[in-house]
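The structure is given below, and queries will be raised subsequently.
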Amino acid sequence: MRITDVNLGQEMHDLARTLFPICRSLTGNGVRQTLELLRKLMPELRLYEVESGTAAMDWTVPDEWNIRDAYVIAPDGRKIIDFKASNLHVVGYSEPVDKVLSLDELQKHLHSLPEQPDAIPYITSYYQRRWGFCLTQRLRDSLEDGNYRVVIDTTLGPGNLTYADLVIPGDIAKEVLISTYVCHPSLANNELSGPVVTTFLARWVKSLDRRRFTYRFVFVPETIGSIVYISRNLRALKENVVAGFNVTCIGDDRCYSYLPSRDGDSWSDRAALHVLQHMAPSFHRYTFLDRGSDERQYCAPGVDLPIASVMRSKYGTYPEYHTSLDDLSLITPNGLLGGFGVLRRCLEVLEIDRRHEATVVCEPQMGKRGLYSTLGTAQVSEAVKTRMDILAYCDGRHSLLDIAGVLGRPAWELSEYFGELTDHGLIRDADA
Amino acid sequence: MRITDVNLGQEMHDLARTLFPICRSLTGNGVRQTLELLRKLMPELRLYEVESGTAAMDWTVPDEWNIRDAYVIAPDGRKIIDFKASNLHVVGYSEPVDKVLSLDELQKHLHSLPEQPDAIPYITSYYQRRWGFCLTQRLRDSLEDGNYRVVIDTTLGPGNLTYADLVIPGDIAKEVLISTYVCHPSLANNELSGPVVTTFLARWVKSLDRRRFTYRFVFVPETIGSIVYISRNLRALKENVVAGFNVTCIGDDRCYSYLPSRDGDSWSDRAALHVLQHMAPSFHRYTFLDRGSDERQYCAPGVDLPIASVMRSKYGTYPEYHTSLDDLSLITPNGLLGGFGVLRRCLEVLEIDRRHEATVVCEPQMGKRGLYSTLGTAQVSEAVKTRMDILAYCDGRHSLLDIAGVLGRPAWELSEYFGELTDHGLIRDADA
Amino acid sequence: MRITDVNLGQEMHDLARTLFPICRSLTGNGVRQTLELLRKLMPELRLYEVESGTAAMDWTVPDEWNIRDAYVIAPDGRKIIDFKASNLHVVGYSEPVDKVLSLDELQKHLHSLPEQPDAIPYITSYYQRRWGFCLTQRLRDSLEDGNYRVVIDTTLGPGNLTYADLVIPGDIAKEVLISTYVCHPSLANNELSGPVVTTFLARWVKSLDRRRFTYRFVFVPETIGSIVYISRNLRALKENVVAGFNVTCIGDDRCYSYLPSRDGDSWSDRAALHVLQHMAPSFHRYTFLDRGSDERQYCAPGVDLPIASVMRSKYGTYPEYHTSLDDLSLITPNGLLGGFGVLRRCLEVLEIDRRHEATVVCEPQMGKRGLYSTLGTAQVSEAVKTRMDILAYCDGRHSLLDIAGVLGRPAWELSEYFGELTDHGLIRDADA
């Protein structure tokens, strides 16, 4: 599973295509169906159901919402809005309705975007009972006076909130947390790129012969889901999580973005910045004030987890965001592959970022180990210089990432040198 | 007493006009008369008398100096220099003299400014017995040979040094120290703007329903006065003073200036920089090397108080400084009002700059409190965003001023949000 | 011994001229002869002999190498390469050889520089038995087919490694370490400038009436010599050395260079940067990654000494480096004098960089001590201002170097003020 593997990009795009039509929301069968599909790719994925009304921190798990159909029939009998054509047409969590009303009455329940006349907006009303339709401004402008029949065939009542996690054990109990969300209907960059890339990251972690950290992959509905997850796992998360990322908006091919943890100086931040500086140096750098996804919960006071975000085009910054234009054409195999590659590198960096200490005082004699030219001239090779530079900083204080920073080299390029020096007995792991 | 109140500026200028003719010096009746006039505006102001010869740190309180009259009569009988026309004409602390002497002899006792031919310089000789006259270069150049009669009718002998303070109690014993000086004769920006603005700051503090800190307002002759004050109050000042400002040169309308405390990182420095960056972002920033007023004593090793200076045109930097051109036309109602406003904001910032901590783990559900739109769209309002940003940093570590810095907003604009969130029980004071 | 003393520059160049012809190597009589010549200038210099095969950290002292003669005779009978003309002609540590071989065979043992056709390269093979000749590319290109006689009359077998040190006691046992190397044959900037300037620094330190620190001057063959020195003195060095410099490439007149210690924030680094910023502000600033001399050992993990390097043109950066062009014309009296001057200033700064504390609280009354004008005007003199600024920072935390940094003044210009203020009893040494 190499990041240059174009098939991998296509595989991820195919998975997004499979998940795209499902009508996800905070709760309901769309979430369950999505998680069941992901479980086919991650058999150890565990699904959880939490009853409506359950308290979670300051919140309460809402009623479960399910939708069978919804449409609007114009005065001339044409079905002008049809849930089956786009699940964005219905305001999320709409209560059931079946009535005939005038255009004026209908208008109060319509949502459109005057500045994006061909886009259907994505609207929800989770915590206030409402019903409504979303449509393009162009369609809305063409509506004529008369009586419209509106049908929304939904159920909204006590049920469950569904989420899932997958814990892949490592050598130690300390955890890397990867969280993503599954509560948006047919939206591609924000949201399907998140669970898709997270699924392939989990598969990659699972495929490793050995891993230092335990990895926790979390698939939740945004906000209420992460709050429920935190409320059920707070102590363990605070005790174990040493780094992690919220995975969202990771599928288009326009740019890379970084959003820090609350204090911006966590290990996750350092790993993410290192990777982006080497792999995508023109990345966009946001601040924690620009946050908007589940890092709001993971980094909240009292939770304080070291969670950063590495994205492609960040939510809220691209014109297609939260509209029907955020579709399968916006995310690309290459975009997903690049996002996967950067996040995978972040995890690799966490795995290799250890402190080492030299086993000998003063420089070792590299020549007798075949690691230095025996002929003294004015020049030394790049490899020889790299070895000596690494040794010079293996003082038990500088970690591999620190040393990579000093050398201006990607951490993953130095890793083999650390292995070689360890094999020669010249350095030892100071974090063991 | 709002800072946009133009009457306040005029009131301050009127007070300066009343105080302007008084011949103040390190000691003497001019200081007493000035402090008595200020006591009319601050009835609780306490005056102190310290006898000549009293030791104060490395210094000794000097003899008291008083002046009745002084003049020079030219060979043609005209009174060409007259103390009654300007009290700057006499070198401060001149010993008495009444004699006739030649122009050559007289010249040794004259002071003028060749490069400012219409300005009378301000000269003193506190610690070496002398006598002298100050005059414009233009007048000096017109003097003709002949015999001049010089009369200086002063007394210089054992007496007292006079100073005053006003302590306004707050909720806690910790103090904010505001110091200014009253030892210059008819000089407006440097000096009268200082005691005038300080008086109105004291009246504003007194007018508050409640204040967190105890406020100590100090009116002293510069240098010897602050040294005397410190020598008599050192332990209490070191124990209680948490912030403070030396108030000087705060009345003209040309610019704002900031001079840090010795280490430049005190709470006073942070408050002053925050206020100036928002209210007068083009302010001049000096270093502690540019100091020249009583911060020299308050910030001296062994005293180490957190005293910064916020000024308009700083002493020593404007052409009228220490000359007769620093008169009532140099300070303006608007200049005084602006200076008062900035210092008042500094005190407000100190009052509100507390640390808070969230009472709930994870983000609270703002919607159920009417603090968040119930309709989920791509946009949130500025107020909603501000509330969430404040909550995100209410971690018991970030103070209001820290959070204002993160948000790039004036602290006083955030204060109402902190009140609202406290009222909703979402945050609590972590410094209580 | 003032640094403007042109004779001193010439004296140093003369010493380099005396040492230049000697064929130094890691071991052997060339090193001994060099150190004996230096002992004439530093009678207390102690020489040490360490037997071949002695273990030193990860290394072993090599066999001793001595050379009597070496040459190549061309097919036409001419002696075309002659050790007596330049000791660079022989690869260092060449084993003895005396044979006739074809040009093709000979070529395998020749070293030249195609891009510097008139330069003889400097090549060694200390830890692999070889023999070889170095020559100009121009000569090499002119060689014709035929049989060549090669003679290298060397001995390479058990013997000793020779090094020397000189410890000049000071008031305290804490040490300043100055190390330089003596293992290169006829090479001027890299190397003779090093031992020459170090010798004159030692003579200057010795000439001082009194010195605060003990000074340790070390003359070793590079790498193996410093490793041997460290292995024999590690505990004492770690316990005592508070600052120091590796002295190399300090004789040409083109630029100044600075290479930091491993962490770059040692006292030596701060002293060197202060001196260079004031004496040679356009100096080249390298990083520890550019290291290449004995700071590699002194700053190695486990040794961790605070050793920085102040150089003229740094090794490896100038075209003549490690070739016959690095000769006596490359180093100049002025270049050596400048290098000596900068290093001497570094030692002076270490001597004077102490913390002081004011003896009086608040500013002292300078006027009564004749240190301040008794006439108060708008201006004060530079000297008066400097005294007051120094006093303002004599808080027991800021050292003289810190204060010089705040004032933007060279430390050595402030030293007399500290003396004056100490003499007046206004400050006292806080480090005593």
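Note that the chains are named A, B and C in the order they appear, and that numbering of residues resets to 1 at the start of each chain.
The criterion applied here is as follows: a residue touches a chain if its C-beta (ideal position, glycine included) is under 8 Å from a C-beta of that chain, and two chains touch if they have at least 3 such contacts.
Keep in mind that this is a model prediction, so the values were computed, not measured.
S.K.: Is the contact between copies subunit A and subunit B built from the same residues on both sides or from different ones, judged by whether over half of the numbers are shared?
M.R.: different
S.K.: Give me the rotation angle that lays the C-alpha atoms of subunit B onto its copy subunit C, rounded to the nearest 5 degrees.
M.R.: The C-alpha superposition of subunit B onto subunit C needs 120 degrees.
S.K.: From the mean C-alpha coordinate of subunit A to that of subunit B, what's the distance rounded to whole Å?
M.R.: 55
S.K.: Would you mind listing the residues of subunit C that make contact with two or more other chains?
M.R.: Counting only residues that touch two or more other chains, subunit C contributes none.
S.K.: Which stretch or stretches of subunit B touch subunit C in the complex?
M.R.: Counting only subunit B, the residues touching subunit C are 57-59, 92, 121-128, 130, 223, 226-227, 230-231, 234, 262, 288-289, 291, 296-297, 299-304, 316, 321-322.
S.K.: Inside the complex, what are the residues of subunit C that reach subunit B?
M.R.: 357-358, 360-365, 367-368, 374-378, 388-389, 391-396, 406-407
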